[in-house]
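Encoded as structure tokens, the structure appears first; notes follow it.
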Amino acid sequence: MSAGFVFTDPPRVAPDLAAAFAPYGVATIHEAQGRVGLLASHMRPIYPGARLAGAAVTVSVPPADNWMLHVAVEQCRAGDVLVVAPTSPCDAGYFGELLASSLAARGVVGLIIEAGVRDVAALTAMRFPVWSKAVSAQGTVKETLGSVNAPLVCAGRLVQPGDLIVADDDGVVVVPRRNAGDVLRKSEARERKEAATRARLQAGELGLDIYGMRQKLKEKGLIYRPFMEEG
Amino acid sequence: MSAGFVFTDPPRVAPDLAAAFAPYGVATIHEAQGRVGLLASHMRPIYPGARLAGAAVTVSVPPADNWMLHVAVEQCRAGDVLVVAPTSPCDAGYFGELLASSLAARGVVGLIIEAGVRDVAALTAMRFPVWSKAVSAQGTVKETLGSVNAPLVCAGRLVQPGDLIVADDDGVVVVPRRNAGDVLRKSEARERKEAATRARLQAGELGLDIYGMRQKLKEKGLIYRPFMEEG
Amino acid sequence: MSAGFVFTDPPRVAPDLAAAFAPYGVATIHEAQGRVGLLASHMRPIYPGARLAGAAVTVSVPPADNWMLHVAVEQCRAGDVLVVAPTSPCDAGYFGELLASSLAARGVVGLIIEAGVRDVAALTAMRFPVWSKAVSAQGTVKETLGSVNAPLVCAGRLVQPGDLIVADDDGVVVVPRRNAGDVLRKSEARERKEAATRARLQAGELGLDIYGMRQKLKEKGLIYRPFMEEG
Amino acid sequence: MSAGFVFTDPPRVAPDLAAAFAPYGVATIHEAQGRVGLLASHMRPIYPGARLAGAAVTVSVPPADNWMLHVAVEQCRAGDVLVVAPTSPCDAGYFGELLASSLAARGVVGLIIEAGVRDVAALTAMRFPVWSKAVSAQGTVKETLGSVNAPLVCAGRLVQPGDLIVADDDGVVVVPRRNAGDVLRKSEARERKEAATRARLQAGELGLDIYGMRQKLKEKGLIYRPFMEEG
Amino acid sequence: MSAGFVFTDPPRVAPDLAAAFAPYGVATIHEAQGRVGLLASHMRPIYPGARLAGAAVTVSVPPADNWMLHVAVEQCRAGDVLVVAPTSPCDAGYFGELLASSLAARGVVGLIIEAGVRDVAALTAMRFPVWSKAVSAQGTVKETLGSVNAPLVCAGRLVQPGDLIVADDDGVVVVPRRNAGDVLRKSEARERKEAATRARLQAGELGLDIYGMRQKLKEKGLIYRPFMEEG
Amino acid sequence: MSAGFVFTDPPRVAPDLAAAFAPYGVATIHEAQGRVGLLASHMRPIYPGARLAGAAVTVSVPPADNWMLHVAVEQCRAGDVLVVAPTSPCDAGYFGELLASSLAARGVVGLIIEAGVRDVAALTAMRFPVWSKAVSAQGTVKETLGSVNAPLVCAGRLVQPGDLIVADDDGVVVVPRRNAGDVLRKSEARERKEAATRARLQAGELGLDIYGMRQKLKEKGLIYRPFMEEG
């Protein structure tokens, strides 16, 4: 899809469904979803403890040009997450306190951007969560079109408008809108199972026994030998 | 300029002028200055909330050799900022608690170094702010000369001794000494304007309207279309 | 050494000897040891103020396969530190809350891993310290053998099982088991000397004088000149 | 899409249509397509002058596990291009002379892989072109499933099975199958226009005049001033 | 200096002086100049054996916007070298065959750009030498002003218009215009001295003896010991 | 081991044994050895087709200080390979034509260095093969001791003096001296087996059948489905 289009009113993952993901971490959701949809590990939160779950509004932007972010604001609703990627790599500061104020006024819950952000002290004070590739005070221009709500590759993963985005200290995961209910159930199940395992591990049981690994390790040929120092 | 020179007593940006930059962030000052002088985004503060404004004492150092830092300390006055770059890339820990104690005793307000620092827990406890490319316990030698108060390229930008340095969570900006007054006025003006815009955005107005972007976007050919799901 | 071996019960640095390193930072210990054994600066703690000292249990793992971590848990005792490196570069999340619970139950004091970790919010809440190359929610498989307690290169340094590992905000250092007593004495001596120097620097004395550098600088040809502005 | 699926016989861009792209470079095609579909610049050919055009067979692989490449070979026809991406970053050598021999025997025209390759001397001697992120002799295992002919993000761009892939010294571009005819016509048109412009530039005309830029530059405020040396 | 200025007719290093550097490599010139002025090692030639010496025309460009290159062409004379740096990091392909044709028509001898280039097969065929940070087919826009012949930091070094630029397989060095004659003489002297040393080394003499290092090594405490295998 | 020692006359892998590795590539040898000992993939040859096999003389060097290379030359014999690593990361040009002339005069077959080299055009003309992390004209000093023939970690792998080093376009592998005979036999066996497999693959047989993978893939749950286009 070339630049120059704004697609209005895509269907979104339902707000209450997004909200139901609150108890589950990105690692759990990514596992529950079959290990797909995790953005690259260079996407880091601007403050520890940042966390969000919401519906993607996607924005493709030219390098160092944030014009389309202003266009995108109007397309956002309460509960949305702005997901932004430049068409070639860029660490300029596309986003700061003013745009965050505007998004917060519309109920947008945060930003995922594979580029730079600025005003991070103010964003932290506002508790407006951002996951970015860089922090940079470098400004951007408003000269060239991009697109809003087209399918977007951000940090190595395909994001469709309306998809569920969940982010925490471990990173960012995208869940296709239609899979969100199923992934929620699987996340709940996984969490219950992990809680039980955690209790056994805390009590001193070994994963080798809980998961029944000893036989398979033996079949693979694992050998135990007393340590002998050289020399 | 080859190594082996210490230039003494360069004129500095006036301390009260430097102090007047306190209310303004690096992003604001960088914009007010016409978007020049921002150091590369790999220069990161060692603790959140670090902030400084002062006059540059520049130090060119050989890779993994911090001898000239000891020479530079004597050239520093209250209100100065040490700005250090190696002659080829290096992440060794040139600077730690001892040098910070010495600089703090002279009233130096912080360090900008495109290399490594160490003792960051102690520096954080002292609230001695540092922006660096790396944290590393690797020590350095004292064998080879560099220079103090020669013009220096640090993290991609030219710094002259006596120039104003401002740094915060967003990064580091250099303002040429003679421009500092002008940039201060422009920063004030910019901040006032942004405060007004922020209030309007917080009230729910759109940047598209505040900045009058709709006509220009139309002229560029931006097209709005209802979102239609494939399939 | 090829994969597929677990060496049991290597001799460890004595727990009380490891504990005696508590007052000394990584930078000090690295200096005291003659500037060897420092891991690469990309190994960063998951929270500020993280700190540990203990005996290495080494684990060589295939890329994105954490099976051997489960095997390694059983080989750990109170006071041990897990030291993990993949056989080729990988940022997947090998380690999270469950493995940390299991290690904590055995008294393991922390993890050094040249790869990714996940559940960092939970690990931070538990105060289970980790130094890693990345944070990533990407899971791993359990299909291929590695080794436990073989000599290991982690982040550029050789680690033998039972060696002393010390880590803090400045990074990670390995001290060969048999050298630990000697390095402890040298660390104490160095710390005492630095404390005295620090006091003199805080009182305003210059390193140039304390260290007697002026003559050597002169012999090397250092020239002082009044700063003259160009133009 | 989770792992474990092979989708057979996707429709491909027609071989003669792919072949018709031979005269056009990646830069021309990328422009003709509206500047979308270019893979990241870290994808480099293993020898200068490498070039291909063909239909994508997509392969999603686990880190350091090349089992699915063997599965994918069977799905390939003459004129295909294998497009491979790992589920998390990896530079292991997934591919070497044996797999190249097998693909060449089926008429496959080359490989695009966001990971490592090996046997590059032999691949160069065979003139089997490869664009990769790394060269590495590190082997891989055959333990875990991936997928063949599912939509794939490779080096930051979405590739559907059957899409046209063109690669040369400038990099790799993907053209959606249904757009290939249109992009071919636009590439031809662009090439004709560039040939005319090239002739005028070679004759000494200026782009400023050919493209009529002087008025727009003036309106933007460009100022010409005689150079005055400082000092 | 903010954007929007073209400084015309800066004095240049004399063409015959630039030409006299032909026999000397970048490494020799960098040494002769006192080890200053070397651009960062990520600046690589697009083909082996590329080489140039000429006078800098400097161009500061916005990220992914090559408008000012067209402006710069008109400012170039025979023997010039275009030296280009973006205001924030960018790997887009600013430059290709058309601009090279235009520069070649004016006698420009090559390009140094801390960003991307494209059409590298054509540039290689033309033997138009380029040193760049990346190869990328990604196009650029023509919307925003930069500057021509202002002082520029490129790949970490300050370049003034008219300065001598020399580049070869080892990288790129800048020599201030007024120092070029002196650096030429020193390069000649260094080369003569190295030729004599080379002959002695080829005859089997040791650098330890030629440079008289043995005594200094002994004073520093170097110890020779027969190798004893552990164990 | 601290700096300041030269260990003389370590036992070396026998020259004729090293020479017997000539027909085998690094990838083959690495496999034959059980997939250990491969240096990191950032170690690249300075020209295509470079290749060597010989006995390691190890050199630990301070950052940007090549004094110990001169010391090491004297320790080298015909058939040796110099293996160099800095104590912290550095891309300076430690090595150029003069040192290569000296090593070549002694019959040294090449250099492996996890840092920079210079004079690469001359080294290429001499066919003196080098694998390095960078090419840089940046010179080094001769002020600080390192060590020769101590165990060394280079590019992530432990190298003992006298170990066999083999390098080609795929990278660099280290084989412990005492294992070289065994690894040679396994390389021969592997090469024979691969030749047979290659012939079958070239004849159109599938790896799926040759390696008998179909049953295991089925057991893992691989599913084949006809491709169905969305929409």
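Read from first to last, the chains carry the letters A, B, C, D, E and F; within each, the first residue is number 1.
The working rule: contacts are C-beta pairs under 8 Å (C-beta built on N, C-alpha and C of every residue); 3 or more make two chains touch, one makes a residue touch a chain.
Bear in mind that the values here come from a model prediction, so they are computed numbers and not experimental data.
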Chain A and chain B share contacts with C, E
Have a look at where chain C meets chain D and say same if over half of the interface residue numbers show up on both copies, different if under half do. same
Quick one: chain B and chain E, Cα centre-to-centre, how many Å? 27
Rounded Å distance between chain A and chain E, as computed from the means of their C-alpha atoms: 41
Multi-partner residues of chain E (each touching 2 or more other chains): 35, 38, 41, 87-89, 91, 136, 138, 144
Name the touching chain pairs, please: which are they? A-B, A-C, A-D, A-E, B-C, B-E, B-F, C-D, C-F, D-E, D-F, E-F
What does chain B use to touch chain C in their complex? 4-11, 47, 67, 70-71, 73-74, 91, 93, 96-99, 101-102, 104-106, 116, 118-122, 124, 134-139, 142, 144-145, 149, 161
Chain D residues touching chain E in their complex are 25-27, 30-31, 35, 38, 41, 44, 48-49, 168-171, 173, 194, 197-198, 201-204, 206-208, 211, 213, 217, 220-229
Counting only contacts in the complex, chain A reaches chain D at residues 1-3, 33-36, 38, 40-41, 87-89, 151, 153, 156-158
Using the touch rule from the top, collect the residues of chain F that touch chain B in their complex. 62-64, 87-92, 136, 138, 141, 143-144, 230-231
